[in-house]
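Below are two complexes that have chain A in common, paired first with chain B and then with chain C.
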Partner chain A sequence: MFSTTVLAQVVVNGIGLSATYILVALGFTLLFGIMRVVNFAHGAFAMLGGYALYYVYGSFGVPYIIAAPLAALLVATVALVLERLVYRFFYQKMFQSMIGLLGLDMAIMFTAVMVWDSHERSIPPTVSDILQIGGVIVPADKLIISGVAGAALLAFYLFTKFSRYGLAMRAAAQDMEIAEAQGVNTVMIYRLAFFIAIFMAALAGGFYGQTYALSPMMGERPLMMAFIVVILGGMGSIPGAALGGILLGFADSFLATFYGGSVSVFLSFGVVILLLIFRPWGLMGTPES
Partner chain B sequence: MKQALVSIAAAASLGISLLTAAAPARAQEELKIGVIAALSGGGTGWGLGLQRGVQLAIDDANAKGGLKVGGKTYKLRQVAYDDQYNAAQAKTAAERLVNEEKVKFIFGPVGSPGALGSLPVTQPAKVLQFVDGYAPAILKNEWNGGYVFRIGNSNQEFAEPIVKWIKQTMPNTRKVGMIAPNDAVGQAAVPILVNAYKRQGYDVWIEYYERGSKEFTPLLVRMMAQNVDLFELNSNAPGEAGLLVKQARQVGFKGPMIQSGGAGVDEIIEIAGPLAEGFLKYDVIDAGLPRVKLFLDAYSKKYTGILNGLSPVYYNAAHVVLEAIRRADSLDTTKVRNELEKMGGWDAPVFGKVIWTGKEIYGNDHQLFHAFLIKEVKGGKGVIKTVVQSQ
Partner chain C sequence: MNTSNPSSTLASSGLPPGAVPRPRRTPAGAGTFLKWAAVAILAALVAAPLLVNERFFLTVAVMVLINAIAAASLHLIIRIGHVSLAHAAFMGLGAYASVLTVMKLGLPFGVGVIAAFLCPAALALAIGPLVLRLTGKYFVLVTFLFGEIVRMVFVEWKGLTGGGNGIFGVPPPSPAFLDPRAFYYLSLGFAVVIIGFIARILTSEIGRAMDSIREGERLAECSGVPVLRFKVLVFVLGCGLAGIAGALQGHFVRYIDPTSFSMIQSLNLVVMNVIGGMYTLVGPMIGTIFLVVLPELLRGYVELQRVFFGIILIVVMAFLPGGLADAGKRVATLAEKRFGARSRP
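So, the complex of A and B:
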């Protein structure tokens, strides 16, 4: 069972899983980090990203390299209406946002049921090649997701660390009033962070819908994974989301392969519970003052 | 002003009299037909299939002027609740249908978890329930299956013949791998299939997962490390079965794959795409038969999208039940049940002659039996590989 080929396959699967988890969790952690909003409607935006890709790429035949970001852009743009109508009332209100946005999640989800019905459908694959490197099998679609997740992570990091807007975002996250006093337009910064977060969720949803299946309920699983990854890594921490995604992805792959699905779920959630007891701010988060 | 008030009063009284005059046209009474179906989550394909199959039978009856019972004519109306393929939700749905909607006939839920969850509500209330789940306890229970019928083959009926067919057509297979949901299906129905394989000398490896999972590659790698020759998809819902087929090929499983359970292959092709090629699947209808074609035409006239295999199963069952109500000439569920039990030989619209069976296994003849098919995915379509008769 513990042969080199199986171990190599576990690593490959772990990378694929981690990439998906990171991609889904990035937007979630950004919204919390900047605005203290627990976006329980994150999965719904991922689902909308999936449907947007279904039409832009699957129905209208736009080349994939354009279709994937365009679909995410469409969702993020339309979501700005919800930012004005809903999200703005929940900024810096962590607990209220949980319940309010859970309601929004359901409203979007069941609107989608009425529009598309709850039937599962698929987005045409961009690549269906299966690469074989040595004895290890690498599905090309997972390779693309890994590449996009890596690029998104890097872009995210560079943007928040080195750009003017990124600096403004970090300032607003630390202390909104002082940031405003220094001339930071927090309304604009919040809107920008929201736009980026929803763009990421929709992009991840496109990949998720293409890799698995598309349905109005498909956002539930990504939302749960994003929440676990972010809790693990530390709410609001981007490196934490990366670390949490990698840990969960590899743990899933290793434990499920060698000890089965039930052990994997039991241990993964067990570790999260222990972490919440002994280090509630997560692996790379900062404790609330 | 006074004149205006008089005009309004006159108009109002005219309106009331018009409404009253229109009332006799709506004298037909309404009979609610309950449906519990998975309308969200991994079992959605099945749930929609159930709901649509029942609706088409209701449409047939309403198109003929309604259902005549005890001197009254009833217009049928479907009342559906979502159980999310979950026992607890199914129980809640059954409670609402029985206690609030006051229905006497319920179709569904899909699968064993919901059926087992809802029986404690429907059976004491003597509400007739028609289900498809494979768990033996659905018919063999503390109520002796009193007011429940299984309206399609369970794997008790088809597992053995399928395994024998596999043994004949794939003599080199020795070890079977299964990845099954960790719920009532996985724990109660899958062992019947496992035993059927073991009785034919197969070595069976089985692993469970939590319902709702999407990523199966680690479990598939685990399965492949056991040197499995044949991947059996057992009772997985269409959404999960499609992903299992797709991901099995993506991690390099090259052996044959079969699903002995669940009807309908199109949803699996939709999800797995070209990777579904060669996949074998239990199914219930031969689209080439004229009686089946009639149903398919009615389906495509009303609905778009993929036809789930449970649609014809529930369409067939709903017609059998409506005929039993007509024969009983009553909505009393005990009388209808007694008529149902006597309906052997009646020519049902999809499966033909009704055959009730199950006494030896379940202690009652509330199991409908019908012949079935094994289809193979060829060129992106499910084509009939063989027609299998039960023992």
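So, the complex of A and C:
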């Protein structure tokens, strides 16, 4: 059961899952860390990302490497309208944002049902090749997904670490008022952070829709995963989201392979609930005073 | 929820945060008006099926009553400052408990209702002391996940719950209740007793202690309110009563399945409370009528009304965090402020 090839398989799957989980969770944690908004509509944006990819890649046949970021870019740009209309009223209001954005989630989801009806579609796979590297079977499209996700994460890391805007964003996340006093344009930073967050969610949504199936309700699972990852790592903590994503990705891959999918979900939920009760600020977050 | 609490709630508690609960007489005028209004509504509710004996109308009315019980039981929990997203799960637990008691054990409906109260209450008692220590957002997240776990148990435990297909052919409480009019009176009875009970709690000293816990937990504790014990008590009671609502629903619809008790339903119950106003019992009543009757009128446009509800939720949360009932109250507070602040001890 625990032979090396199977374990290697588990590791490869774990990398792919981790990458998508981190993508969804990073945006979620970014919105929380900077704007104090609990984005219950995150899964809805992931779903929109899936549909965008369906059209851009599936219908118009744009090459995948371009289509995936383009679709996500499209969703993030359209989402800016919602930033102005909805999100702006919920900045720095944690409790209200939770329920208000649940409402937004519902609105987007059922608009999608009206537009695309609720039956499942599938996004064509990128390539159907299967690579075999020393006994480990790797579907090539998973490799591509991991590659694109990895590139997006790297770009995000470089952006926040080395660019002026990234610095301003980190400053705003740490202390809003001081950042403002230093001349950081917070409205702009909010919009930028929102854009990046939605971009990553939509990108992950595309991968999700491709690996599983595309339907208006598909946002629920990414949302749940974002929750779990973010709680694991600590709400608002960016390294926490990365750590949480890796933990959950590998745990999920391992448990689902050996004990079945539902055991994996039960266990991850149970661990998260325990963590919330005994260490609500997560593994890498800081406790609130 | 201590820091993120809507700021307007002081008005509804009628008490400075954390003060030792003391009886406060409501002005006689307001009291009698409310009493007469309650009597009039009750009379109308009793008379309604005699005037309109139509199946559709009665079915909707029964659903309103059942949902009113559920929303009021959630209101109880919201009043201590916790928004639970697992309430439908507790409702479902009650439904399954009652249905299985009646169908598998062959016991009468009355025993089923008792089981429907005890099962969710026991679960609430088990998890309450742990989860009720959490503040606002963490409580919401935990209950969100917990509700999903319970729903997954319903789906996975196929031997007992019938899995995702649910349980068909649930018997009515007794053959007489196949008539929707009889069931209407049954659920009206339950609703009046349970909602009356909740109203009584909220106006009693316990209710005032609950408000003080929501407004300022530390202060309440310092003033001698056993905060955690109170919270657990209220949580257990709220979840148990939700179980009864679930049982009624199960025996009325005569079919239960996990999706009827999913997040969407939990969210609906929250919406009922939020739209009407979270800090007065009238709120969930208004919200329930709104949320159960409107979909019936908009039949065929199910998606559209969901979108509509979503938008309402956004607007209410963004601009009226205390709900519709609170809007009027806020005006009253403003007026009161103008004519001199209430003297405080």
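Here is the rule we go by: the second predicted complex is superposed on the first by the 284 of 289 C-alpha atoms of A that agree within 3 Å, B and C clash if a C-alpha of one lies under 4 Å from a C-alpha of the other, contacts with A are read in each partner's own complex, and residues count from 1 in each chain.
Note that a residue touches a chain if its C-beta (ideal position, glycine included) is under 8 Å from a C-beta of that chain, and two chains touch if they have at least 3 such contacts.
This is a predicted model, so every value here is computed, not measured.
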Simultaneous placement of chain C and chain B on chain A, clash or fit: clash
Which superposed partner A:Leu102 touches (first chain B, second chain C, both, neither): second
Which superposed partner A:Val113 touches (first chain B, second chain C, both, neither): both
Touching partner for A:Asn13 - first (chain B), second (chain C), both, neither: first
Chain B versus chain C as contact partner of A:Ser262, first or second or both or neither: both
First, second, both or neither for A:Ser215, with chain B first and chain C second: first
Chain B versus chain C as contact partner of A:Ile231, first or second or both or neither: second
Superposition clash, chain C against chain B - the stretch among 253-261, 271-279, 289-297 or 307-315 that is involved: 253-261
Doubly contacted chain A residues - partners chain C and chain B: 113, 220, 262, 265
In the complex, chain A residues that touch chain B: 1, 3, 6, 9-10, 13, 16-17, 20, 113, 117-122, 124-125, 128, 130, 132, 137, 139, 142, 212-213, 215-217, 220-221, 252-258, 260-262, 264-265
Residue ranges of chain A touching chain C (in the complex, touch as defined): 38, 86, 89-90, 93-111, 113-114, 220, 224, 227-228, 231, 235, 262, 265-266, 269-270, 272-273, 276-277, 280
Complex contacts: residues of chain B adjacent to chain A: 39-41, 44-45, 47-48, 182, 207-210, 212-215, 217-219, 221-222, 225, 238-239, 242-243, 249-252, 267, 270-271, 273-275, 305-306
Residues of chain C that touch chain A when the two form their complex: 1, 4-6, 83, 130-131, 133-138, 140-142, 144-146, 148-149, 152, 156, 263, 267, 270-271, 274, 303-304, 306-307, 309-314, 316-319, 321
